[in-house]
Amino acid sequence: MSQTPPTVGIVMGSDSDWPFMQEAAEALDEFGVSYEADVVSAHRMPHEMIAYGAQAAERGLKVVIAGAGGAAHLPGMLASVTPLPVIGVPVPLKYLDGLDSLLSIVQMPAGVPVATVAVGAARNAGLLAVRMLAVHDDGLRAKMADFQADLKQQAQAKGERLRR
Amino acid sequence: MSQTPPTVGIVMGSDSDWPFMQEAAEALDEFGVSYEADVVSAHRMPHEMIAYGAQAAERGLKVVIAGAGGAAHLPGMLASVTPLPVIGVPVPLKYLDGLDSLLSIVQMPAGVPVATVAVGAARNAGLLAVRMLAVHDDGLRAKMADFQADLKQQAQAKGERLRR
Amino acid sequence: MSQTPPTVGIVMGSDSDWPFMQEAAEALDEFGVSYEADVVSAHRMPHEMIAYGAQAAERGLKVVIAGAGGAAHLPGMLASVTPLPVIGVPVPLKYLDGLDSLLSIVQMPAGVPVATVAVGAARNAGLLAVRMLAVHDDGLRAKMADFQADLKQQAQAKGERLRR
Amino acid sequence: MSQTPPTVGIVMGSDSDWPFMQEAAEALDEFGVSYEADVVSAHRMPHEMIAYGAQAAERGLKVVIAGAGGAAHLPGMLASVTPLPVIGVPVPLKYLDGLDSLLSIVQMPAGVPVATVAVGAARNAGLLAVRMLAVHDDGLRAKMADFQADLKQQAQAKGERLRR
Amino acid sequence: MSQTPPTVGIVMGSDSDWPFMQEAAEALDEFGVSYEADVVSAHRMPHEMIAYGAQAAERGLKVVIAGAGGAAHLPGMLASVTPLPVIGVPVPLKYLDGLDSLLSIVQMPAGVPVATVAVGAARNAGLLAVRMLAVHDDGLRAKMADFQADLKQQAQAKGERLRR
Amino acid sequence: MSQTPPTVGIVMGSDSDWPFMQEAAEALDEFGVSYEADVVSAHRMPHEMIAYGAQAAERGLKVVIAGAGGAAHLPGMLASVTPLPVIGVPVPLKYLDGLDSLLSIVQMPAGVPVATVAVGAARNAGLLAVRMLAVHDDGLRAKMADFQADLKQQAQAKGERLRR
Amino acid sequence: MSQTPPTVGIVMGSDSDWPFMQEAAEALDEFGVSYEADVVSAHRMPHEMIAYGAQAAERGLKVVIAGAGGAAHLPGMLASVTPLPVIGVPVPLKYLDGLDSLLSIVQMPAGVPVATVAVGAARNAGLLAVRMLAVHDDGLRAKMADFQADLKQQAQAKGERLRR
Amino acid sequence: MSQTPPTVGIVMGSDSDWPFMQEAAEALDEFGVSYEADVVSAHRMPHEMIAYGAQAAERGLKVVIAGAGGAAHLPGMLASVTPLPVIGVPVPLKYLDGLDSLLSIVQMPAGVPVATVAVGAARNAGLLAVRMLAVHDDGLRAKMADFQADLKQQAQAKGERLRR
């Protein structure tokens, strides 16, 4: 876990979501973005969850990443108590392949958006947080541009191997 | 709205859900069960929503009926802060025919159940509340048995008309 | 199986559903709620199934929990012959991830509700039964409040471990 | 309604299904197959529904056609109490386009089949009943062959008009 | 394979469907109904498939059972060239859990019904064929009634074991 | 209808599909590609349908466009009897929004492909036929390139109006 | 359209999407955030679309909002050529209720996230853009907090009217 | 990889798609059609992807086969920059069984078609390319007819083994 005051809060309903959600942390690490990770369950600790969201901005967080599965209420509830952008990661459960998680997160009513990424796509949640932070941070945006250039090189290298 | 202290709380995210949700109230009226109806939005008034759920039992409510659509978080969030049984009504929105509402309400994690009824089935939510209240109220249970006998008679009358 | 006269009837279409359904029994055990468990198949013993439902109330049952998969007719049929609240557990079969079971159970017509929980969520069915029984049982409601406090503590402990 | 003792029983949960289900009757009329039509609701008159199914064979019915929507239990429950072939017609309700009706009817467990036709396809249910009755009725089978020849002619006539 | 002239034709698009489809044959064996089993591919041998269907009735078959997966055209195409009742078995493929197979089989246009059973439910296809044949065969119908009584006994025995 | 010998065959199960399918014809007209349009029903005139497909190549057709809805077997059956490329257009019916049509057309087994376009996308079927014909026709390919340039200009003009 | 250099780019595949997408513009207007609106079609003007995305950052845009329907490629393609955060709005088309649009936008591969909002939720896209811009703009964040307080007041006023 | 100048371009977003996509190559090999295979990622190397599509025709390619999963934008984007026919193969990812891939590929807007095959059906993509090339190549068409005759023989041989 990073030592500087966290810029991004990565939260999830249970530590069993950590195998998914840690990919968000890894992405932030690659960009040198500090973060905290915590279990904040909408249904098991609702008051604490509300408090987490309500205090997120004043505690210095800039972006919140929330992973949840099934009736996935965590991202939307946090978005309702913070003015910060909240990124929702639909965690797939044993049945339904995450379709329930996706709809529960993305179909938010007018007024309270959640920035939703693909089912299980915690890494992309991290990268999306970086893009948001880079809006006013030219250094970070340059890193993102480099990252995209790397993606291209890797894809091209794969193509070269395939063509051989 | 009934004059006696309310036994059932009927809540919804917006008054635009009332055309659906009032059928729950009508069902309770038929059984002489008192209720209150209110707008309690999970996403627009989260603190008040949490407070509503947390105080529901001590305020004398016995059952909560919550209708919500899309990323429908209201029933599950209320269930997380009250020990009362919470009945969820999936309200269909303009797109997806209520499938998103249904999954967002019914797919609750272990520990916090929501008693879910059919898409748009507010009347059945009212009837389910009556059944719950009748668990320890023989008079109410007898009324429910009468109601079921009426359903039979109506169905049989329809059959008679069809056979003619 | 509990020795006191059963308060909750847990029924399922086949003993192959027991691995799912026993979680309902375990939840009731945790709350000291007596129950019976039985195979009551809507399609293989329809007359006995109807009889089971029709006699449930007079036999002293207060709540019925019914698990079924595929064209899952057991919960709805029981609800049609008893005034008791019936909780339906959609059991996932080999294909379709329980979506067929869920829709077959939850989409009941006006007049006959089934309190539906998540796909495979037998534990939540047990907890929902407890909430219903607690409507008029302050001791049980206090236990449910304690249970919810425990859920919170466990979630917080998980958070602590994650933060370390 | 035909005057001879009915060969086919056409049943539905409510007379509101009749606009769909009468197409089954019309198909039977075209083939001179006698039938009866009745409201037999699985959920509103369960005992009578079970009795209807249990007596269908001894009353002389050869095939049962059952239409139902949502948590559509009628066809499957009838199939569980009669040895006759039961044809299920998924009636589409206001939401979900009949997908719930289809899955509730077709996904029957091993041992108790329902011959399911397309969503809203009551006419095909009538035609399927004719095919079943024609298994041991050469005259009826010849009529079905004629009917199929007519279908071809109509399709060809449509083609001619289109080609002009 | 049975020695008497076959009454039921069990066909499938590939011998890889046999593990599913042989359950239809086993059900027919239990009832002493003769059958033939064959590979008749709608897409790989269309002319022969059409011929199989067109000759089925005159060859003495009374019912056709057709299993197919994906874009499952075999049952519907056979139904279009024979006046016999055709039972369709949706075979689940590697992806989509048989939902494509089910819709491809059941959603037939007006005029040409296919009696569709559950995804992978070849055993029920066999049992449905028996019910159809029993329409004019009292002995077979009595066997089906016995079979249903057996189902009940087995379910009850399971209940007994569970209650112990 | 074009006067030169037809290059593309546009077929559909019923003339009620023509409002959809004529957009394919219009697209071909725009490119000066000759075609014929006909009703060729897989289920109502199966022998003629097979014959149509089997003779398509020798009659001089180069591409076949087939529209069908529900259990949409026409494109796949034609593809099974012709070596020509067959383009399938999923026609949406009253229920299920064409999802059944799409899956019935696209999910073809290995060996017999159908080139499937979007639900209701008959115009794109015509344009896809043009692309196929242009594989060995430089003039036609140049027209397609011009067409694409026009698409761009129209989109840009729309942008201009929006920006004003 | 705003006079100051645009901070947000609102783009869509066709001006027929404008009735949906203008709600994003209205939300930005409410917060005093400047924007531009344009037709940038992924499929009709691909080179210009790529150029739009590639130049977005250097032109001074901070966030891109892209609406698209069906095979909705615009948001993802823009995200692949810009380091800016891209918000995707699934536009519902005539069929499938926007489920195709949603999946086409949200299911992006690792490396290139799109911040997806609900089907048809252009207003929320605008609000999400405001939240992103507010990450480093305390005034804007205060406005968002005010906006959320307003949402609460409106919901409470609705509740008051309902309770009367 | 074939030595003659490639006629078909087989491209995919990552070499991890190769296990699927090589079946397209094998099909082309069987027909002696030359091809090239390459990694061309819509999202990781968008400029190169656009260039690949824009140059495909002038480089001598006649048909492009593109496989992609999830938000599968590759086939549609290539189709937007080339007048060649583009065949799309929906690659199934870990969740959702390729339904997202299918819809992202097939639901193209008017003007830019993609010839879509079944989920995971790369072999059929190869065979469809052969059919397209055979439109003006009688030798290739004869090979396709032979191939179809072989399919029939194999199916018949399977039938023979089953009948034994």
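The chains carry the letters A, B, C, D, E, F, G and H, assigned in the order they are written, with residues numbered from 1 in each.
Here is the rule we use: contacts are C-beta pairs under 8 Å (C-beta built on N, C-alpha and C of every residue); 3 or more make two chains touch, one makes a residue touch a chain.
Quantities reported herein were computed from a predicted structural model and do not represent experimental measurements.
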Give me the C-alpha superposition rotation for chain B onto chain D, in degrees, nearest 5.
90
Which of D-E and B-G has more C-beta pairs touching across its chains:
D-E
With centres defined as the mean C-alpha position, give me the chain C-chain F separation in Å.
52
Would you mind pulling out the distance in Å between where the CA atoms of chain F average out and where those of chain G do?
35
Chain centre separation (chain A, chain G; CA means) in Å
18
At which residue positions does chain G touch at least two other chains?
13-14, 43-44, 70-71, 80, 96-97, 99, 106-109, 111-112, 114, 118-119, 148, 151
Looking at the whole structure, which two-chain pairs count as touching?
A-B, A-C, A-G, A-H, B-C, B-D, B-G, C-D, C-E, D-E, D-F, E-F, E-H, F-G, F-H, G-H
If you look only at chain H, which of its residues touch chain F in the complex?
57, 62-63, 80, 83-87, 102, 106-119, 121, 123-125, 127-128, 131-137, 141, 144-145, 147-148, 151
Given the complex, residues on chain E that touch chain F span 13-14, 42-44, 46-47, 50, 54, 69-73, 76-77, 79-81, 93, 96, 99-100, 103-109, 111-112, 114
Which residues of chain G touch chain F in their complex?
1, 13-15, 18, 36-41, 43-45, 48, 70-71, 94-97
Enumerate the contact residues on chain C facing chain A in the complex.
92, 97-99, 118-120, 148, 151-152, 154-156, 158-159, 161-163
